[in-house]
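Each of the next two complexes has chain A plus one more chain, namely chain B in the first and chain C in the second.
Then we have the complex of A and B:
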């Protein structure tokens, strides 16, 4: 069997590479596990997503009912859907934590710039997965949150309205939006993610783990990737599975009420937690700033911020703390805005 | 008297002539408004200012259509010339006739609002208000009392005192006046009682404009209390099934013979509260015991119907509690909730069947409801069992996960032979 594998897929070479790969041990080693955790949660999403595909029907007349069927009648359907929904949130959280840790440990230093760039793009893809998947159960909250979300690109001058129409498949959120969000969620994003993720993993493999400057040269301790680091990884993965199962059993993901495009928007509409800071930030902007619509400036700011995140390795000037200070300020602002968005809205302030 | 009659004839002639040729557009000069708005007299200036926003002004009608006179004249004595039909402020008894000149003219009204009725004046004459006015009682409502005199708005405009959301307060303006009502030997609490009714809650608190207000039962221009024999018909315009059932019931003929006012006998008129099973029991809220003595066939029939209704209500409550508990645990309960709605509908139907006053009819509806309510309760119990099954499964899985983690930790602590953890 081994000889068969050796001749056909070069098994011995793979074993040799795996045995040779080592992971440095120092006081920041714990952060190395975030990447593996993100990858594991992504695979959980893929597996549960494929199972949900077997029952989900992407049309405005059947989507809600098909998810309802999964939750009520399909054996362990509740478990799969709840793990998919909770897992999505955990995945985005871990990817964000991974990015923050890499940022502050300056692991994007040469020659790992492209590892950072692919990682940043993977974060945007994760957010895209979250945004497109949120609409799929076709419930009221998702419907109106998507309405707000797909309004945002309309602020971009010249192409904004066209972009919004392309996203929605028409002038408003409808069954056409659901079809294309489904296509984006299960085909387009997974295809792009597979390519970028492959490149990211290849680059991690090529350059190995980055050692933070503050511990560089202080320790030469290391452990083997297989099996020592992998075993530690598995402890985390098993804990994540336990957490997801507990969340699914005690807090099955709510389905809500079927979307009614003709109903008025209910109070308390808001997007997923990772978009809340932008949602709240746009609310505070005045209608005009120096004659330019406030929301348009807000959208430009978020676009510029996304570009800046991708360009971090080139913005960071050695010896200066500019990027770190900016990152801390932005993270504090995002945290404050998220908390403000989560605070209950006073009744009198509701539209 | 002769002079007054002369003025009225003149006015009628002038108005009638004008009524045949309605204004095409507002006149360029309206002397009345020009003088009355600048005189700064609290008696005559505010009405002149209000008129600018009046539905009639917007249609091109001017002051002279109601007050007579000549708006083109420069001097007051020419403008206010009685020979030109000037009547000044119309007296209350003149007002219905003045309004009716146009509003009872189908040919004229068709040119402005073809869907508007033209029988308001004849209706008014049949009303309590109209009859009293004809008797010379001017302390009663006429057109301007409810619609306003100047600044009149269409009824569907929320600024109108008779718009659907304001008509009750407008009626209460007089009907809540204790002194005025005492003089007319009428109660002054209908609004107060109505505001405690289910109709008030539906209309005012739930903004359901289909719920009745004063004019829904009393009529508007022909406002009068429904006669004893017509109460069931009036309530039946909305409560069709109840009225039909009541007419088929053994109570229909005796009530007529005894002169009892149908629905109002058990439900009151203005203070119509939410009916309950207590209506069928003995005690303070009982509606049956005022006619049926304890132990009589009627009282026994009421007790049987009550027991059936209470039984179904109790089963629905039990099922609701189970379903709520399952929903709180995050279980999918939409199908069970659908059964609960069906059971509640059956209870409503059973309560409606009470108006037939036959226990067997109520029992059939209750039996249908009980079957669905028990199905819903079983659904709730199943989901709670499923919740427990999930939690047991979780604990077993967590145990296995913990065991595997422990094994991994032990293995990690043992270390891997040949590893260079401490460096080369």
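Then we have the complex of A and C:
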């Protein structure tokens, strides 16, 4: 059997390459697990997502009901759906943690700049998955989150309204928007992600694991990737699956109320936690600053931030901590805004 | 047989560069004929709005309580129908001018509020506080017989 495989797919060569890969051991080795964890959680999303789309119906008259069916009647549907919803949040959290650890360990230094860039694009793709997937249950929260989210790009001058129309499939959020977001979520983003993820992983293989400057030159202990590191990786993955199943069982993801395009936005409405810093920040922007609409400035700021994230390897100066300091300040600001967004504010208390 | 590909001389260079240019332009034009329909496909068609200028609601004037407001659909868009304490009806477009959420009437403050980012307007639609950059558009309301009629802006 093995000889058959060997002759046809070059099995020996693959085994040889895998056996050569080694992982350096030092006090930051723990952070090496985050990338693999992000990949694993992505695969969990793909698997649960495929299972969900066997029952889901992407039309405004049936979407909510189909999710309700999955939660109530399909055997273990509640488990699959809640794992998918919780998994999305865990996935985004781990991707952000992975970015933060690579940032502070400066693993983006030459020759790994393109690994960082593909990684930044993967972060934006993950947020795109989150945003497009959020609408699919077609409940009130999702409907208004999408209204706001598709109005933000409309602030971009010249092309903004066209962009918003393309995203929404019309001038308003409607069944047409649901169709588009479904196509984006299950076809367009997966196709793009496969390409970029493939590039990201190939680059990681090519350059090997980066060693932080502060532990460079010290004893170069290393363990084999296969089987030592991979086995430890898999313990982490098993723990992640366990966590997701526990969350699904004890904190099932809610269904909400079916979206009514003519209802008012309910009090207390807000997006998922990873967009809360944007949400809260937009609340504080006055309607006009020096004649420019507040949201336009907000959108430009977010765009500039995204560009800065992509450009990190070139913004970093050897031996200087500029990037790390800026990152700490931005993270603290984002954390503060997120906490502020979560505090309950009684409507009658505001002036 | 005459050698057709001259390795030297200005003629050979001109012929090759002309063929290259022609090939490149043809390929470019072909790509454009593929992408033009695809890009236009992405932009959704304008929805045909009904040409009605006024909408009669399935609501009697007496059904609306004084000092209250409710959302009614007009031509596919939400509209806020208000009745003040004196019993006069008025209407405003209910799409917040900030980021498109649907506003609501707040009876305890007699104002109009957007839950998404805390924008407030007065009952005439003027933006008072928070992020909204423009006022809501007032719409004409009148009563025909018993039914409420709203005129599109």
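One rule holds for everything that comes next: the second predicted complex is superposed on the first by the 348 of 351 C-alpha atoms of A that agree within 3 Å, B and C clash if a C-alpha of one lies under 4 Å from a C-alpha of the other, contacts with A are read in each partner's own complex, and residues count from 1 in each chain.
Keep this in mind: contacts are C-beta pairs under 8 Å (C-beta built on N, C-alpha and C of every residue); 3 or more make two chains touch, one makes a residue touch a chain.
No experiment lies behind these values; they were computed from the predicted model shown.
Undergrad: Now for A:169: first (chain B), second (chain C), both, or neither, which partner does it touch?
TA: Touch status of A:169: second partner only.
Undergrad: Answer with first, second, both or neither: which of chain B and chain C does A:128 touch in the superposed model?
TA: A:128 sits against neither chain B nor chain C.
Undergrad: Check the residue A:255 against both partner chains and state whether it touches chain B (first), chain C (second), both, or neither.
TA: Only chain B; A:255 stays clear of chain C.
Undergrad: Figure out whether A:160 sits in contact with chain B (first) or chain C (second), or with both, or with neither.
TA: So A:160 meets neither chain B nor chain C here.
Undergrad: Looking at A:242, would you say it contacts chain B, chain C, both, or neither? Reply first, second, both or neither.
TA: Only chain B is touched by A:242; chain C is not.
Undergrad: Indicate the residue numbers of chain A shared between its chain B interface and its chain C interface, in ascending order.
TA: none
Undergrad: If you look only at chain A, which of its residues touch chain C in the complex?
TA: Residues 144, 147-148, 150-152, 162, 165-166, 168-172, 176, 261-269, 279, 282-283, 285-288, 293-295, 347-348, 350-351.
Undergrad: Provide the residue numbers of chain B that touch chain A in the complex, in ascending order.
TA: The touching residues are 330-332, 334-335, 390-391, 393-394, 397-398, 401-402, 404-405, 408-409, 411-412, 415-416, 419-424.
Undergrad: So in the complex, which bits of chain C are touching chain A?
TA: Of all residues in chain C, those touching chain A are 42-44, 47, 71-73, 76-78, 94, 96, 98-104, 106, 108-109, 113-118, 127, 129-133.
Undergrad: Could you please specify the touching residues of chain A with respect to chain B in the complex?
TA: 22, 25, 68, 71-72, 78-79, 219-224, 227-228, 231-232, 234-235, 238-239, 241-242, 245-246, 249-252, 254-255
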